Each structure stands twice: as structure tokens, then as C-alpha cells.
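Going by the order they are written in, the chains are A, B, C and D; count residues from 1 in each one.
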Amino acid sequence: MKEIVKERDNTHFRQTRLDDLVEYYRPFSADGRNAEYIPALGKIDAKQLGICVTGSDQTMMKSGDWDVPFTLQSISKVISFIAACLTRGIPYVLDRVDAEPTGDAFNSIIRLEMHKPGKPFNPMINAGALTIASMLPGDSARDKIETLYALIEKMIGKRPVINEDVFRSEWETAHRNRALAYYLKETGFLEAGVEKTLEVYLKQCAMEGNTEDIAMIGMILANDGYHPFSHEQIIPKDVARLTKALMLTCGMYNASGKFAAFVGVPAKSGVSGGIMCAVPASFKRKEPFQHGCGIGIYGPAIDEYGNSLTGGMLLKQLAQEWDLSIF
Amino acid sequence: MKEIVKERDNTHFRQTRLDDLVEYYRPFSADGRNAEYIPALGKIDAKQLGICVTGSDQTMMKSGDWDVPFTLQSISKVISFIAACLTRGIPYVLDRVDAEPTGDAFNSIIRLEMHKPGKPFNPMINAGALTIASMLPGDSARDKIETLYALIEKMIGKRPVINEDVFRSEWETAHRNRALAYYLKETGFLEAGVEKTLEVYLKQCAMEGNTEDIAMIGMILANDGYHPFSHEQIIPKDVARLTKALMLTCGMYNASGKFAAFVGVPAKSGVSGGIMCAVPASFKRKEPFQHGCGIGIYGPAIDEYGNSLTGGMLLKQLAQEWDLSIF
Amino acid sequence: MKEIVKERDNTHFRQTRLDDLVEYYRPFSADGRNAEYIPALGKIDAKQLGICVTGSDQTMMKSGDWDVPFTLQSISKVISFIAACLTRGIPYVLDRVDAEPTGDAFNSIIRLEMHKPGKPFNPMINAGALTIASMLPGDSARDKIETLYALIEKMIGKRPVINEDVFRSEWETAHRNRALAYYLKETGFLEAGVEKTLEVYLKQCAMEGNTEDIAMIGMILANDGYHPFSHEQIIPKDVARLTKALMLTCGMYNASGKFAAFVGVPAKSGVSGGIMCAVPASFKRKEPFQHGCGIGIYGPAIDEYGNSLTGGMLLKQLAQEWDLSIF
Amino acid sequence: MKEIVKERDNTHFRQTRLDDLVEYYRPFSADGRNAEYIPALGKIDAKQLGICVTGSDQTMMKSGDWDVPFTLQSISKVISFIAACLTRGIPYVLDRVDAEPTGDAFNSIIRLEMHKPGKPFNPMINAGALTIASMLPGDSARDKIETLYALIEKMIGKRPVINEDVFRSEWETAHRNRALAYYLKETGFLEAGVEKTLEVYLKQCAMEGNTEDIAMIGMILANDGYHPFSHEQIIPKDVARLTKALMLTCGMYNASGKFAAFVGVPAKSGVSGGIMCAVPASFKRKEPFQHGCGIGIYGPAIDEYGNSLTGGMLLKQLAQEWDLSIF
């Protein structure tokens, strides 16, 4: 990294620096691999890397493949959790899904059997996300999904598109998620039918966005649910804070602890290579990051935990240079 | 809680409010129990509740049993982790102890067997703390403990006293910790002998302090290792941030996630009823908490997770009133 | 038990003794409970208790509710395992299902995740039985079931009837079995579709028989697969022995070890209250049990492990009086 | 194996056949490895293979390295279990150690934590054997060991010798066993001190014998505890049967199920390469095995489960040729 020049304090140099870093980290994608267990994701160009940073003060920085649409995958768990809290209330939701990190893989089923009565440990692992999907309002999968669409539209000003290829691909290979859903059905932690819940869950995973979209959602969370552009409180403060706490403790699969330690911002990743960060305001930082920002990353080569490899490297570097940590 | 009047923005009323809250929560100790598995802790008056808040700006608030000395127990894990990082370096330490929350009880052994090669998941559970104790510099237990004493003296200006009764009591009943230590010895994650390591670990647990002492340490951590009174950088910034991240994700046993969600500050509890919090500076708060503070709590009635019951209730209320959450 | 007169060595007194024992143990059903998780089983009269003993020498003893038809439930796992070995060969079968007892509950899923690559531990737990059901020959569920019908007809001279009420009842509440099946599908240990496999599995569980029917199957197994009445080798000797070994080590759920210790005969139970025993020939016994026998038991009140409570008590007593243990 | 001539029915040819088989299987030791985790065992010549078969009718066959002394290791668990039953009674013993196979490795600790209150699953795994060692009569380790010596002397006519090298070697590296013992101490399943219990346990493991010695013990068990040479009932019949049942379900570590399936005799192995079998009388066999026998095997190259590799191959072949299975 010696060859990379030091950050300079103005917009032009900051953009140049960001571009340099994106190009610097892009080749490391060779050490990762696409999420091949979802066939449709296996074909994607792993060398892609893009970022969008959206400041609470409306400054915006973009670099690389920032505008490539990708499926949100597990990032959607944040949105569905918020939607469940908005419609059911926090106590109802936390009665059915706990808020504890686990140290287990995202699709683990062991803990459901080991810890009676099988309440999912948190909404950021698949078991918890299925329970959340099942409790969204509405009788049909369409109605439940609509709740998510409406919330997203409020936040980013447009309705998401479902990538039908990815949805089909996941639907047909969702054996492990079906196993989890049936297990939850038996223990009483699924409020809708298994197939309906899976349709909601897999469609939410297949919703497309780009880094600008998720940076915007991250920025709203950074602002405790207040949208600084539309001047609207979209998410109640207590829901926004609870969501950020869950992102920090559980958002990066079973590397969440290391991510908290070395990046230190609430973040949620998806196996398609997205990372959504909410960076709350802090004195410690220089402008323009002092008032908080949202960061969206896209880099489809993932590491052993399921997190974007190059995206994580880029974030770790930026966290140091821009002093992003909340700690 | 309706009968409690709203907080008012000046010192006198803030103190009155704190005193009221301490007295309000004190009787809830009846719903907890002392940590009876350590015989010497079983005799302590469970109704005690005390707090000290030490601001980075040298303001200080104290209430209730703030000056009662208690054994630090698991709070000492924070200090020994810092000492290990200072003397061995972060990479050495994290090669031997991971930084991931587990969702398991503090004394669990399962994960050491399930996840080869048996590396402890984090330094805040017993397995990890034993590994940390074993890697402190020095050949003898005395030398290793001395490293902790020296660090504590730098932070609070005095050397801690060992409660010999508690040490003896724990030493004789430390079967589970011995089991963990021998397990770690076998898998190669213990760098010193088992008995020596246990002596260090149990002595660090038996070090006494009061809420003022731990509030001071919390305040230094809140300031990224910088001591605002002595103007000395006692702990490097990267170590301080890593420590706070671990406190947030793993510091409150297997209720860490819920604590992050509803209190939202890096904290470490001990079964003797102490809680040490590091509250980083934040715009969002009003003075005098804007520039960060340390909070020390003592309430020996503990809940099912091993955390101070009344201390946790008091903290949750203060976090709301004073807007302490880092999220 | 003092009031019960000692067994005497002739047919009449042996029958009287058996009748006395059945009546003696019948009231203990009050300490058990029906398998209420299968709604259709919840309604059955728990005080029923019946037995049929079929000797290799064609002697037969019956007592109590010996002729009440009941659904075979897990007893069918023995039959489907034999059918799979007959049609696929032992190596093919054991490549896909291991032959090790587990100590876990019959419907446990933990071990599939803990022991990569998720091969079921034995064919007597649900996970293994689902894998076995999936490998029966035939493309349709009907064809697969037909293989079982044909084998049963060869052994007892008639085709079994499916209890449609029980099948429907189990089909609608088979969430846990569906979870297991989808898990196995993902790890590659299910050779047919999930729904098809479940149809086979739940239909085999819903096949009806009475104690005479299962005593006959047990007797054929006791004779290493040779039918002493029809003089036909229905099951190859190696398959029969393997089956008996699996019954002994894994046949009584997670009480198999205690059953081996205190009864000591290869046996398979079902949650509907049936127990099928294969008692190999032994010198040690007096006539008429010297040449081996099959024993069928029916007592629908089950214990905490899922085994017939009164049936188990009766068997334990008979094992002592008749010296049935193979050890 | 085609080149090996068929067994013939007389003593001479039987001996020749046995010698041929020992030489045939000896070279397969190259696929195994010594139990190197016990340093003193690592040096032993892995190509050794020996067998002794002792018939209830006093016929005896020996071949290969039958007279090489080896440490009994886990085979001693059978003897200490019997000694505990003889001195404490079966109910007392089974109140403290269960009789269920586990499917876990011999030194596993997981199940102690997962299944409250931590009762060891069976006396053939280390956890259970430690509990058994702790309950042997006597205050000192010497007294407890003496109970084993006395029982062995009654069975084989001589007192065993402790291999001090092996004992020292195991004592110094017994970290995992110490972990188990301390865990059991905490949960109340250890009746003596940890160090005393470990001394007993590791000394019993270091007792030496050869194949003739263990064949004799196996033969007595085969005869339900009756010594056909001394005409003495050394072990009560119920203890002998319980012991054989435990050997069959749990005696070959987590390959016990496969061993029951393909050999089918109660057996106990040790990591030093010994296997002790008790073959009860059976009609099905030809003379001289009809009246039961004991078999002692020694082959120090062990397989992945900890069982003698060549010993297991030899036994499997003999089980087929001599029709040894109890099923």
C-alpha cells in the first residue's frame, strides 16, 4: 500500500483517493468466490467493485461499479426487520425473535434444537429472517412483500424490482431454508405457511438495488430514521437504533465481531456482495463525515463467511482513513 | 414510573434525579440473586446499588453505594485483554483468541470442541480470558498479575487490592474453570501452566474496586485510551477501540445483543454485580455527556445471564434519559 | 410382585402366567401418555396391552389386546431398511446411512449439521429412515410403498392396510420430518423428492398390523431371515443379522442402551406403542424359547423416550423369567 | 483372499488357518497408526498382531504376537465397571453413569454440557470411566486400584503389572482427561478428588496384560461371570450381562454400531491395540465355539476411531468363518 498517496482534505482529492482504492482492491477478488450455491449468482463478474457514500448533508461520492444493480439478499433482512417493527411493534417482534449474536453460520439449525423452545437468536440469520417474513402484515405473499416495497419506496423514492432469475434459482434450491422454515413451523415460530413465507423471504432476497440505493437506506438509519432530504421521520428512533445495534452485533454473519472490531460501523452484508453501512454522526471525524453517512458497497467475490471480500477490505481502509468507527 | 419527574437540565436536578432512580430500582434486587456459586459472594447484601459517572470534562456524579468495594470478576477481563494487547500486540493476541460473540453461557465448553482447533471465541468469556491470562508477560503468576496492577495504577492512580476471601473461595471451587483451562492446554491455547494461569485469572477476578474506579477506566476507554486528566495516552487508540467493540458485542455475557439494542454502550459486567461502561463522545447528547463519560455501576443481585439486575435497569433508564446509545 | 405365583413349566401355566402379567402391568399405563403429537393417536385407549409370542417351532402364545390393529410407526423402519438392502445391496445402503447409535432423540437434526457431510447416523432415527425411504426402488411413492407391501406379504401372508386417518393426521403435522427431509435434500442424502419421500415414509408409518403380525416378522429375523413355516429364506442372512444389530443398538430410540442392558434382545418400538422383538435361538433357555421366537407387543401409553411404557415393563419381566437376553 | 484355503474342521487345520490369517492381515497395519497422543505408545512396533482364543471347554488357540504384553487402556473400563457394580451395586452405579451409546468420540465433553445435569452417557467413554474410577471403594488411589487388582487376580490368577513408563507418559499429557474430570467434579459426578481419580484411571489404563489374559476375562463374561475352570461364579450373572450389553453398544468407541453389525460380539477395545471379546454360547456355531469363548487380540496400529485396525479386520473375518455373531 506504500504506493498509494495520502488522503487530502478536499473533494477532488477525496474522490481521486476513493477511485484509487477501488482500483487497488479490485484485483483481490481473485481470492474470493461468487456465492455459487445460488446458481444465478455464480455467473456474475467477480471483479466488480463499487461504492456510494451518501452524507447526511447531501454530499455524495461514487466510484467503480456503483450503479450495477445486484440482488439485496441478506441486506433485505434489515428492511424486513424494520417493516415488522413498524407494523407489529418492537415487543411483539422480540417476543418471537431474540436479539443475540450466535457465532454460528447464517444457515445453522443447531441452536434451534439446542435452546428450547427454538426461538431464533436474531433477525439477521436465516431462521430469524424467516420468522420476520412470516409476521409481515397481509394474508398473501404479495401483501407481505408489498409492505417491504412501500417502506423501500419511502426511503429511496422508487419501488424495487425483483430479479426473477435469481428468485427462481433460489426457490428451486432453497432446501436448507425450507428445512429451517419447517423447523420453525413445528416450534411455533412461523406465523404464516412455509411456502408463503419462503416466497416472501426469497423475493425480498431477490429485490435489486445498487450502491446508491443502499447507501441512502444506511444514511437514514445513521440519522435515527430521519430522512434529512425529505425531512420526514420514516423510521421511529427506537426502531432505527435497535436495527443498528443488531447490524453491529449480527450483521456480518459470523464475522460480525471482527467487523465491529476493525471497521466499527453498523453494517449488513448479503451473499451477492453488497454491504450496507450506517455511520452515525460523530465529533471525532472531520467533515464531511462528521454528520454521519450511509455507505453502499458492491463486490460480488465473497469470503469464507459470506461477506464481500474486496468490499470488506475497502471498508476497513476507509474506516481508518475517515475515522468511521463508532467506538 | 409515571411518578418520577422529568429530568431537568442542571447539576442539582440531575443529581436528585440520579438519587431518585437509584432508590427506585434498589428494591427490584429482590427479583435477582447473588452469585451463589462463589460462596464468598453469597453473603453480600443484595439490595446494594451504587453508581458513579465520570465525564471526560471531569464532572462527576455519584449516588447510592458508589463507594462499596467489590471484586471486579469478569470486568477484569477487559483489563487483562488490554494488558495482553499492550505487551504482545493485537495480531499475537487475536491469533490465539477470536473476536466473535457466541450466544453461549460464559463458562461454556461446547464450542471449543465443536469448532476445531478449539480457539476461544472471544476474550470476554472464561475460555478466552484464561488464554489471555496465560499470555501475560512473566514467568510467575506474580509477574503476570503485576502487569495488570501496573496498568490499573496508570489508569486510576492506585494499585488494586486482592480480596483474599473471594480468591480462596473461588480457587477451591474453580472446577469448571480448571476444566476449561485443561481443555485449552490440550488444544495448545494455554501458554502457561494450568495452575499458574488459574492463579492469575482468579486473582484478577478477586481484585477489588468501587464504581469510581471502574468509571475512570470506562472514561479512559471512551476517550480512545487517552486520560483527559493526566493528558497521557495510556492505551493506544486501536487497542481501545478493539476493546470497546468487544465489550459491545460480547461484554454482557449472552445478553450482550439485548444490551447493545436497549442500552447501546460498550459495557462489561461481572457476576459480583459490577458494570463498567465506556460512553464515547457524541453530538447527539446534551452536556455534560456530549464529550463522553465512564459509568461504574454496582448492584450485586444478578439476573439469569449473570449481569447486575438493578444495575441493568438503572442503566437502561439512564441510556434513554441521557441519550447514551452509540447507535 | 410378591403376589404373583412363579412360572411353571408347561403350556397351560405359561399362558396363565402371561395373562396375569398383562393384567398386572396394564394399570401402569397411567404413568405414560399417548403420542399426542400425532393427533389421531391421542384418542386411543391407553390402557390397552397385548402380546403375541411366536416360536420358531410354531408354538404361539397370545394375551390381552393382541389382536388390536395399530399403526406400525417406527417399527416400519426395520421393514424399509430390509427392503432397501434387498433391492440396493448393503454397501449402497450403508454408503448413505451409517450404522451408529447416537444418544439423541429420534427426530434430532443437530448431528446432521455437526458431523459433515450430514450422513444420517442410522436407519432407526427419522433422518436415516427418510433417506432409506427415498432410495426404495420405483419412481412414484406408490411404487416405493409397493416394495414394502410385497416384502410384508411374503413375511406375514397378507398386505398391510394404511390407516388413512393417521396418515392424514401425520401428513398435516409433519413439519419436523419435512425439516429433516429438506435438510437431507440439501446435503445430498435424499434420492427422491421431499414430498414423495414423505409420502412413502408417512404411509409406511401408517401401515397397520397387530402383535401377531410383528411377532411373525420378529421370528423370521430371529431365524436369520429364514421362514420356518414356509421353509423359505426371505431375507439373506447377512441382511437379517445387520438388521438385528441395528435394532439392538438403535431400535429403542435413545433408551436403546438401557433396553439392551435390561432386556437384551433386538427390538424396535414405535410411538403408537408397538414393540417388535427378534429373539435368536440360545442354549441357555428352556423350551419352547430355546429355538428363538418373535415377540409382538402393543401398549399405546408411551414413556419419555417414545417407547411403550407397559410393553417395556412386561418385556423386562419376561426377559428375566424366560431368560431371553442374547448376552 | 481367494488364495487362502477354506477352513477345515479339525484342530490342526484350524490353527494353520489362524496363523495364515494373522500373517495375511499383519501388513495392513501400514494403513493404521499408533496412538501417538500417548508418547510411550508411539514407539511400539505397529506390525505386531496376535490373538488368543480361549474356549469355555478349555480349548485354546494362539497365534502371532499373542504373548506380547500391552497396556490395557480402555479395556480396563470393563474391569472397573464390573468392580464398581460388585462393590456398589448396579443401581448405585447406573444412578451416576447412564448406559446409552453416544455416537461421539471417546473423549468428547460436549454432551456433558448439552444434557443437564451432565451425567456421563456410559462407562465406556472417558467421562463415564472417570466417574466409575472415582466410586471404587477406598480412600486412597492405592485402595481403589487394589479393588481392580483383586478382581483381575480372581479372573486370571495373577496380579497385573503397571507399565510405569506409559503411566508417567499419560499422567503428564492427560489434559483432556483432567478437563473431563474437573467438569464432572463441578457437576457432582465425581466422588473422589480429581487427582486421585486420575491416578486410579491412568493406572488402570497402564495395567499390562497379553491376549491370553484378556481372552480369559472375555471367556468368563461369555459364561455370565462363571469361571468354567475354577467352577466359581466370579461375577454375578446380572452384572456380566449388563457388562456385555454395554460392550456391544458402546465398547468399540464411535464405531460400536458398525462392529455390532459386522462382527456382532460384545467387545471392548483400547488405543494400545487390544480387543477383548466375549462370545456367548450359541447353537448356531460348530464346535469348539458352540459353548462360547473369549477372544483376545493385540494389534497396535489403530484406525480413525481408536480401534485396532488389523485386529478388527482379523475379527471380522473370524466372525464370518466361525459364525460368532450373537444376532
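Methods note: a residue touches a chain if its C-beta (ideal position, glycine included) is under 8 Å from a C-beta of that chain, and two chains touch if they have at least 3 such contacts.
Treat the numbers as computed from the prediction; the structure is a model and nothing was measured.
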Neighbouring chains common to chain C and chain D, by label: none
Contacts common to chain B and chain C (chain labels): A, D
Label of the chain whose CA centroid is most distant from the centroid of chain B: C
Distance from the mean Cα position of chain D to that of chain B, given in whole angstrom: 49
Centroid spacing, where centroids are CA-atom means, of chain A and chain B in whole angstrom: 31
Chain centre separation in whole Å, for chain D relative to chain A (CA means): 56
Shared-contact residues (touching 2 or more other chains) in chain C: 114
Graph class of chain-chain contacts, one of line, ring, star, complete, other: ring
Listing of all chain pairs that touch each other, if any do: A-B, A-C, B-D, C-D
Chain B-touching residues of chain D, taken from the complex the two chains share: 108-110, 113-114, 175-176, 178-183, 185-186, 194
Chain A to chain B touching residues, read off their complex: 98-104, 111, 121-122, 240-242, 244-246, 248-250, 254-258, 260-262, 264, 266, 280-284, 290-291, 325-327
